[in-house]
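Handing you a structure now.
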Amino acid sequence: MNKPVLEIIGVSKRFGTTLANDDISLSLAKGEIVALLGENGAGKTTLMNILFGHYVPDSGRVLIDGEELPQGKPRAAIRAGIGMVHQHFALAPNLTVIENVTTGTESLWSLRSRRAEERIKLLAISQRFGLKIDPDARLGDLSVGEQQRVEILKALYNEARILVLDEPTAVLTQLEAERLFATLKDMAAQGLSLIFISHKLDEVMSASDRVVVLRGGRHVAERRASETSKSELAELMVGRTVTRPVREPSSPGELVLEAAAVTVRSAGVDRLKAIDFQLRSGEVLGIIGVSGNGQAELAQLLSGTTSKTSGDLLLFGTAVASLSVADVVSAGVGRIPDDRNKEGAIGEMAIWENVILERLASFSRRGLVDRKRAVAFTQKIIDQFDVRGGTPTTRIRLLSGGNMQKLILGRNLIDRPRILLAAQPARGLDEGAVAAVHERLLDARRQGTAVLLISEDLDEVMALADRIQAIVGGRLSPPIAAEEASSRKLGLMMAGEWEKEVAHAV
Amino acid sequence: MRFERREHRPVALVIATPLIAIAAALAIAGVLIAIAGAPVFEAYWRILLGAFGSRLSATETLTRATPLILTGLAAAVAFRARLWNIGGEGQFYLGAITAAWAGSHLFGTWPSIVQIPLLLVFGAVAGMILLLVPLWLRLRFSVDEVVTTLLLNFVAVLFVSMLIDTVLKDPLAFGWPQSQSISEAGMLPKLLARSRLHFGLVIAILLALVLAFVQSRTAFGMQSRAAGLNPQGAAFAGVPLGKTLVAVACISGGLAGLAGAVEVMGVQGYVTTNLSPGYGYSGIVVAMLANLNPLGVVLAGLFTATMFVGADGMSRSLGIPSYIADVIVALSLLSMLVAVFFTQYRIRR
Amino acid sequence: ATPIKVAGIHGSPVENAWNSVLHKALQDAAAEGTIEYVFSEGVSGTDYPRAMREYSEQGAKLIIGETFPVEKQAREVAADYPETAFVMGSSGKESGDNFGVFGTWNFDGAYLAGMLAGKMTKSNIVGSVGAMPIPEVNMLINAFAEGVKAVNPDAKHLVTFIGTFFDPPKAREAGLAQIDAGADILFGERIGTADAAKERGIKSVGSLIDYTPRYPDTVFANALWNFRPILNAAIADIAAGKPTGRDYTSYGLMKEGGSDIVFVKGVAPAEAEAAMEAKRAEIKAGTFEVPRVMDEPK
Amino acid sequence: MSAVFDIIASAGLWAAVFRIATPLIFGTLGALLCERAGVLNLGIEGIMTFGAMIGWLAVYNGADLWTGFLLAALGGGVFGLLHAGLTVTLGLSQHVAGLGVTLFAGSFSYFVFRLAVPVAGTPPTITPFQPIAIPGLSDLPFLGPAFFAQTPPTYLAILLALVLAYIIFRTPLGLAIRMTGENPHAAEAQGINPMVVRYGAVIAGSALMGMAGAFLTLSAFNSFFPTMVQGRGWICIALVVFASWRPERALLGALLFAFFDGFQLRLQTALGGAVPYQLFLMIPYILSIAALAIMARRARVPQALMQPYRRGER
């Protein structure tokens, strides 16, 4: 390759006591795709934020085409041709797509927006890179995948030559992800340089030219994608060999949860349409589907935060009309929410408070919280589930994503639940953490817990589930046995084509 | 430059920053005092004397702190659950007029031991009801309560003004708009003879203690905090958001209403439309100074009262415009807010 | 004699016309050397009793002010400081030896101004803008209306209350509203009313102080009130060692020289002025009493 | 009933509506601008007081009316800077900082006024803005006296409402402000410094509040009185919500509010004291609350309103 378009030289950044980036150097050539790999908290996002000017590094420099980029100025980064797709989208839901894209692209002092020209330019870009979008849609009305597209269009609209994507596929389905990578490769062929961050080794292997591995804030390794393997990368990342656990055969026990023609309607829309499923103890039932097809409502229904509109729900053989969170928890249902920051934790509260909040009744007497017992209980979870980075009294906000997830798992599993509802349990986690979470889920299954796994990740579902159903537009397919599942078949199911294909299933 | 949250707060800092804040406020006020032509250092001394220099000033400071503590608690409880109750002033007036009505029309002849608690409850309930209206609007129509509670202040004060001009008007007040007086038996006992200091201070401090206990030890305290910090997460954990907010609104509105009842039962005996020099609004600042901690509210209320009473007295003894008292209070509140901030954050490059 | 220490405690800013009358009298007395004057203004009801106590403890011999919203507490304070004389604008009765009261009885002047206005109005509609329907405001507006009626029984009288003591722009709007409703002479109990009259080129009557210099071609008559007689009486009582716990209101009456009308000669028809002057003489002689109606004017 | 009709059909009422509305228009636009960028500014009541005082004081000391008006805007901007410092840089709670600013600006104004102007019987006067009859239009029957004989600041207020609507919805600057109020992180990702935008909006918005105050002393009246703002600032805060954060609706809201005020003053003279005057005074507040209940679902609150933005904080 020729002379690098981007060089990061000796960047360090400290947050309080955490050294998030420790003397990291990195370069990128024109037309190259570099994957940035690392555990949760390895410092990937921090490094990219420094590159884009969100953060000012404590030391180090960034060069674009050999010229030093002023620090801490996103505007300068944009001018220099850097575009960034943020891990947490940086979009304004009440503005339209075109407004989101064009904000800040014109002189702020010009007397009117050139909306017509902007629209033409946006549509041209959208056509050229195959990113279809309605410029006048309100952003908040778009699906996650479409929002992702807007994020990329924003960068392209600014004529980015270097595109940074921070976990772009974390919220996409396999199909969407594949399409995205095809687009990215196409962009690289057109001369763009790309850095993308991902925890998914398959993607990294197939899409990148070069892989850079960070660990504990340090640049630990660099490999050509063609000269490495998934297992080597996993080991470099975590510092030891990681293998994902595999499901051993088991014989499911009694029926613990059954839904018959359950419908959930909210705001006048049927979000779940007459769904049927059965869940037995000691098995994992995987619900797979593109996000936004009713998974949230299904999880809410079983978490006790939404009630069904019609149909029958049988819990341990008894019909239940509506469930409250307290009912669900006391019946022995563990719940892992799909958004750990919004639902799973209250960031400003202590770890022990987060642990007992959903079972306050059993940790309080006559309205008074038994703090001592709660802290001891929390300590037990921390020890048993290997939660690192905090004591029971630290604010949960300070835990890394993986550790927070371990804690959430712990608070649900420690009492051996009869049913475990796990929504996207490994989303956004690094390879080591994913393995740990999967191990815990399989362990629970071994102990006789019935696991309902809601996931978008085909590999995950195929590795863990005994039976699989697909959810599409609020409808649930009939189940198929894991042995019959293949990516192709699941793909078709997720596209809603189960009627003819799997009519004879289990 | 940016600010970084401190995970640990050094004790020395927690003690030093408020002192620096007071010094800063006094320094700025000193410039104004000098411009007004008064000796600056003597003025500082006079503020101290004005707040604590005599039996009169000390009791007056405590008397003024009483409603501030109560409205401060009202704001603190609500804000902790992210219920933005800016309506303390209206709740205060409604509580006051209800207590005055109950004490003159309903229970005026009853013995103190029954009457006083009844009046307090009536006042508190009136405050509650006034806050439940905006809460209902928020839960039912998602109307932002900052604005509705603010607007209801004006409605409440006009309503009180109408009552004391019509049905509750004291016929013996020679046509002046004021409510009938609470009977002697309905008045709170004085803590010290020949002063205005009344039993309300004890009520305020007791309630602060109770509230501190409720917030830190009880399941309800934990739930309401969770509901405030992250409603979605709290709902997932089974906190009944609506019920919790209603309970919080009852406590908050109740405290503000109680503040009004206590003020009218402790000091004046009847209601006029200038019963409160903005206690409802000051309570919000008091709560914030206290970082929403109930025990802190007691201190913050005392601090605010000290600054005002002291500076007010100073303006009289030095003959400078009495508006200086409010200026000094405002300056010290603002600088204290900044100081509280710096106990929580540190500056980084 | 050494000047006695007098403190003024004003519930409103001293710009408020009523307070300004007290303030001016006290300032004048201080300038003459009869008293030594200190004051506080904008003192809220809550703070009022404390201000009274503080001035008492600072050794003020006489405290002048207004206790309308704090009648009860003010009397308690007075009882606690028997050495200090309190002479307060009040709607209540005097109390003890040292708590005297006074009312604001400048309605004689308002009545006389009404006599002029009644003869001047062409539209046969006059208007009054007041703060709130409290007795002293009512008495004044009623007297003005009576004066109008005495000379022009057919004239219509409009009344608007703005609901607050301090909102001159609002008083002005109220005045304009009355002019729109046909009034061509306004009685401004509140400042701001005359601005409306001035803007529309009609005439207006002022109260308490002489507004003519401020609105030369607009305000042609004022129902003046002079606090000096009350102040002097109180000072004299103190000097003589007599109790001040009495009602000083009557010193503010026209026949005592405490209130009067000032008017610009030649604005009203000559015979109207003559009739008014005759009535004025009667009031001064005590042969005519302007009715004192404290009910809300309709 | 016919009394009501007569009132509504009188040109005087409509002229009054525009006069009464003017300070509300300035103030509401100011508060709206701050809120569009994500900052609630409860300092408005105090800032208006300061504007009223400083504008008047300048003219009293010989400045011409427009200089006074400008100074009031400048003074408002200075307090805006204070509010922005507290809420944007430090990220303090916006209501509390606002109440603090109101308390400070208000009492500071009175103090300065007392030092700067000798106490007199009634406060000294200046010559205020005079109504300008718009040539041609002001001669129209009814419409002329109703709409085209106002003082210049009234025309300015109406113009500003339209200009602000244009800026917010039609210019890149307005887009930047809106995005900052919706999601400052998104603004930053587009190379806009949300801190700077918020500072700018709060300062400019507070300048408008200062002008709102100045109208009271330079046009509606000719003297400054302590406490003369009389809660007009709080009404503006309500009007912003009533207007669902749109300047052109703010204009309508202010006019509607002023209509009720002007109407009740006239109705009082028509009905006499039959109904307690407090009921009339309550009308605008209660209507605002009712309007909020009706419109709240449709109104799109700036999503980042009252949320502090700190760079580099998660």
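Note that the chains take the letters A, B, C and D in the order they are written out, and that residue 1 is the start of every chain.
Here is the rule we go by: a contact is a pair of C-beta atoms (placed from the backbone, for glycine too) under 8 Å apart; a residue touches a chain by one contact, two chains touch by 3 or more.
These numbers come from a predicted model, not from an experiment.
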{"item": "Leading chain pair when contacts are tallied as C-beta pairs", "value": "B-D"}
{"item": "Chain A and chain C, separation of their C-alpha mean positions in angstrom", "value": "76"}
{"item": "Separation of chain C from chain D, taking each centre as the mean of its C-alpha atoms, in whole Å", "value": "34"}
{"item": "Mean-CA-position distance for chain B and chain A (Å)", "value": "46"}
{"item": "For chain B paired with chain D, centre-to-centre distance based on mean C-alpha positions, whole Å", "value": "28"}
{"item": "Residues of chain A touching at least two other chains", "value": "56"}
{"item": "Of all residues in chain B, the ones touching two or more other chains", "value": "161, 165, 321, 323"}
{"item": "Numbers and ranges of chain D residues touching at least 2 other chains", "value": "110, 226, 278, 281, 311-312"}
{"item": "Each pair of chains that touches, named by its two labels", "value": "A-B, A-D, B-C, B-D, C-D"}
{"item": "Complex interface listing, chain C residues touching chain B", "value": "11, 38, 40-47, 49-51, 53-55, 57-58, 68-73, 80, 91-92, 132-135, 138, 163, 294-295"}
{"item": "Residues on chain B engaged by chain C in the complex (per definition of touch)", "value": "50, 54, 56-57, 60, 64, 161, 165, 173-178, 181, 194, 196, 267-270, 272, 274-277, 309, 312-313, 315-317, 319, 321-323"}
{"item": "Complex contact set, residues of chain A against chain B", "value": "15-16, 56, 303-305, 324-326, 329, 335, 337, 342-349, 353, 357-358, 360-361, 364, 367-369, 371, 398"}
{"item": "Chain A-touching residues of chain B, taken from the complex the two chains share", "value": "4, 7, 217-223, 225-226, 229-230, 232-239, 349"}
{"item": "Residue numbers on chain B that touch chain D, as the complex places them", "value": "2-3, 5, 32, 35-36, 79, 84, 86, 137, 141-144, 146-148, 150-155, 158-159, 161-162, 165-166, 278, 281-282, 284-285, 288, 321, 323-327, 329-331, 333-334, 337-338, 341"}
